[in-house]
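Look for subunit A in each of the two complexes below; its partner is subunit B in the first and subunit C in the second.
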Partner chain A sequence: MAEKMVRVLIGCITFLIVALLFSILGVMLLKGLPAMHAGFLFEESRDFGRAGGVYYQSIGTLILMGVAVLWSLPVALGSVLFQTEYLDTGKLKTFLTQLTYILNATPTILFGLVGYLLFGVYLDTGVSWVTGSLILAVMILPTLQVSIREAVEALPEKYREAGMALGLSRPTQIWRIILPQSFYGIVTGVFLGLARAAGETAAIMFTATTFSGIQFPQSFSDPVPTLQTHILVLAQEASNPESIAQAWGAGLVLLGLVFLLTLTAWAFRARVVMESEL
Partner chain B sequence: MHASIGARQLEPVGWIFAALNLIFLVSAMGLGIFLVVESVPILRLEGVDFWLGDDWWVGESFGALPMICGSLMVTGLATLLVLPVALSGALFTSEYLSPPFRRRVKGIMELLAGVPGIIYGLLGVSFLTVGVKDALNLLDGNTLFTAGLLLAIMILPMILTLSEDALHSVSSEFREAAESLGLTKLQTALRVVLPQSVPGIVGAVLLGIGRAMGETIAVMLVVGSLDRVPGFNLFASGQTIPSKLGREAAEALGSGLHWNALMALGFTLFLVVAILTFSGHLFIKRNSQ
Partner chain C sequence: MIQFKNFVAAFGGRKVIRALTFNLPANSITAIIGASGSGKTTLLRALCRMNDRVKNFRVEGNVLIDGMDIYRPDTDVYALRRNVGLVFQKPCVFPKSIFDNAVFGVKEKMHRKEYPDLVEKVLREVFLWEEVKDRLGEKATTLSQGQQQRLTLARTLAVGPQVLLMDEPTSSLDPKSTAAIEKLVQSLKSRHTILWVTHQHDQAHSIADKVLIIENGQIAPFETPVARPEQSSSFTRVLQNVQEYPE
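Take a look at the complex of A and B:
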């Protein structure tokens, strides 16, 4: 009897937790859809964000996350291949793995602080989209590394053995066997990294973005408006119903983008699992 | 085989990978080193008083105690609130759900964990602060309690999914043995599976606390941003380390003692989160052995 009650209780709790996702989605749709007039995505924001759309904000978010992955992917790929293909198990490898974990858990605002100093001041890129994308690149590095490493380590040992038996050099082995076979894992990592970069606000709010007055960045030293900072500014004008309505609209666009990227990543990850089960 | 890699084994492609690995190494280590180096001026000036002082007046003195207390209270509250819920969810998912449903719950947790902080912030500002204000009859809903509540929701998916991994990794032989001894499913779960996965659950909670400590945007929007040592009053406005950094980084950008003080705050946060993460992974690793 008591056993059954406990089961029902923790079952209900689990149900409520699962329902949380759907209530967040529901609230975002309910509050965000009214702001989504035709062309919300393709209109400039007007009147300090109180009217218009989020065109340049969306472009800014896409620029930052896209360029961040461009910086991050070669480093993630190279460091993982170095660790898996060239480095034997040992203290250095354990240390590097720990470093990935710690980098992954580091509060994102710290990437903003240090990144601003390192890139903005020393590389002299200032408050700009270049600084922001470099900061995000370091931030999403662990995300990419973990996905790529999982894919590379999931490769059956016989693939490598076959390569060695053919007398392939290590670079040829990597180019012909490892990279093609872990392709889906790499793509998974890229999309998860994009999603993580798209959802980030703290690291870029004072290093890369501006609220209004800027459209397309004209040079390397221009900041961009982004959906994240747009919501941040508007959310703090909670007493103004027009601002908050626009914030919900922008929030819905951002959440949609993040979920879309995550689901795409899953589609590719399913391929990784399928192939490792062959 | 060689114990480690010598320069002779590397062909040109290997050197490229080594260089890329070095970039990773430098950016990860550089983060910590920069935080230390940049906080030296303020720590040299104030010493331990930086952490013990409770006044933060730009230009006069920088005391981090209000932010440290705020961070501890908010994360403490979030952990207390989330534990029973996350553990119930993990136990049910691991012990009672069929594999397809289990996968679905895990997937939903992953999506939930990916919801951007700013979205939680927006929801917090619009509903939670108002709800807390009305329910508790406060003048202002921006309190440490509100921030703790919001953080509890934010770290729930992470703690749930990691503790579920720990529970699920207990070998099914133990379950079968326990059930053949006549234990019921619940008894098996509580007396056999749960004790064995304690290290993994502890690890999950440590990682969750680390995540909660560093959350900036959502907390910043609902905590009230008031620098004062909160005492034991959860229902007053306060400040956490990341919310302080978020509020003031833009004004102090790049130079001056104010910037050094912020970097020292950041270093304090980094140290705590790094220790939590390191020990968390140690526990999780021990669980899987």
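Take a look at the complex of A and C:
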């Protein structure tokens, strides 16, 4: 009887979570689809975002995400390999893992604030896509690191032992065994990191983006328009139905992008599980 | 020649090998038999320093291979492991082709053009060439367990070790594959010093020149095997009616 109650309770909670997700999706589709038109993805926004599409905003978001991953991936990969392949003391490993979780739990507005103070005030670099991508890189570092570490740690120990027994040095083992066998896990981490970066607004608001007047960045010190800032600014014009409709449309594009990245990450994660079961 | 001098291997305060002193002659097969937990595998792994990464693992005394102490601080551990090959209980092939597996340990050491000859040579040595020569590009995981074990042995041989350590290499194999490995090891004796760990007395006596018994981390007086047909390996007996293995 008690077991049945627990099962029902857990089932209800699961249903609530799924219902919540689908209701968000449903609302996004209902509100966002009317704004969609043939050129929404490929047209420049006009009339301060009240008309046109989100072409440059999408490109700006992709630039920030992609460059952030380029900064973050080598650091995440290096720190994971250091922890898993070179560190022998459990305490230091645990300490570094906890640090990662703390970094992950840090409110994102703080990243924006610190980034603004460091780059904007002290270094006087202004608002630019390079600054924004650096801040995003720090933010997505824990996501990438956790995902890559899971993949590396899931690698059966027998592969490492077989490599050791053949007299392969640690760098060779990393290059020939660890990285190829963890490839899908690393790619999963990259996509999850991209998805995390795509959903971020606060951190880049101060440091990387402006709402209007820019298209492609022409130099390292130029800002970029992003979907996140676009939505934020348009949503503040609650009295204007055109702005709100455009904001929902941009929101749907952003959600679609995050979903696409997450689904791709899932697909790669499935490969990781298969590889680790070999 | 391999010499153990008052060799102790311990995990923290727990001594697994206790003050071991004995010699293993070169170009011979020595079998070590003992119950589970008696220290057989620890002894093998200590010989190629595979436990270096294990927390709390420590050694005392000396292990000498051709007069060189392998636990000297300036020992090149990677060179040692290339010289002392270890074959595991369960075959571990990489999810790559048969060809790639065979040359996995030597890829940085030799030119790509030399790979095919080496692959053929080592696969012939382990009597696998005829079975796989037409499908070298296939994944090694498609091979049977016995074939995979011979492939891992070929992969080890490709590195050119002087000493071969075999950690119960037939325990997960069927009788035919077991016989193939036993025969193979006999054929390798002239070029390698082989240490074979097993818990099967019959097998140890049938293949080895010397049999050592390890109990609680200590070597008991060993006996010279008597090659009598009735003492031959159970697997070998099973195979008396089995057709001679290819090659």
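By definition in this document, the second predicted complex is superposed on the first by the 256 of 278 C-alpha atoms of A that agree within 3 Å, B and C clash if a C-alpha of one lies under 4 Å from a C-alpha of the other, contacts with A are read in each partner's own complex, and residues count from 1 in each chain.
Please note the rule applied: a residue touches a chain if its C-beta (ideal position, glycine included) is under 8 Å from a C-beta of that chain, and two chains touch if they have at least 3 such contacts.
Predicted model only: the values in this text are computed from it and were never measured.
By the touch criterion defined above, A:Val130 lies against neither subunit B nor subunit C after alignment on the C-alpha atoms of chain A. Once chain A of one complex is fitted onto chain A of the other, the partner contacts of A:Ala68 are absent, as it touches neither subunit B nor subunit C. By the document's definition of touching, of the two partners only subunit C reaches A:Ala162; subunit B does not. In the superposed model, A:Phe259 makes contact with subunit B only, not with subunit C. Once the two complexes are laid over each other on the shared chain, residue contacts for A:Ile186 go to neither subunit B nor subunit C.
A simple residue count on subunit A separates subunit B from subunit C, and the partner touching more is B. By the document's definition of touching, of the two partners only subunit C reaches A:Arg176; subunit B does not. In the superposition on chain A, contact is made by A:Leu96 with subunit B only, not with subunit C. Within the superposed three-chain model, A:Asp88 lies in touch with subunit B and with subunit C [touch as defined at top].
Shared contact residues of subunit A, touching subunit B in one structure and subunit C in the other: 88, 90, 169. Against subunit C, in their complex, subunit A makes its touches with residues 88, 90, 158-159, 161-162, 164-169, 172, 176-177, 181, 275, 278. Residue ranges of subunit B in contact with subunit A, taken from their complex: 1-5, 9-11, 13-14, 16-21, 23-25, 27-31, 34-35, 38, 85, 88-89, 91-93, 96-97, 105, 107-112, 114-119, 121-123, 125-127, 153, 156-157, 160, 184-186, 207, 210-211, 213-217, 221, 242, 245-246, 249-250, 253-254, 262-263, 266, 269-270, 273-274, 276-278, 281.
Interface residues of subunit A, counted against subunit B in their complex, comprise 3, 6-7, 9-11, 13-14, 17-18, 20-21, 24, 27-28, 31, 74-79, 81-83, 85-88, 90, 92, 96, 98-114, 116-118, 120-121, 127, 138, 141, 145, 169-171, 174, 195-196, 198-202, 205-206, 228, 231-232, 235-236, 238, 244, 247-248, 251, 254-255, 258-259, 262, 266.
Residue ranges on subunit C touching subunit A, taken from their complex, read 48, 50, 53, 55, 78-83, 85-86, 88, 90, 92, 94-95, 104-105, 107-108, 141, 152, 155-156, 159.
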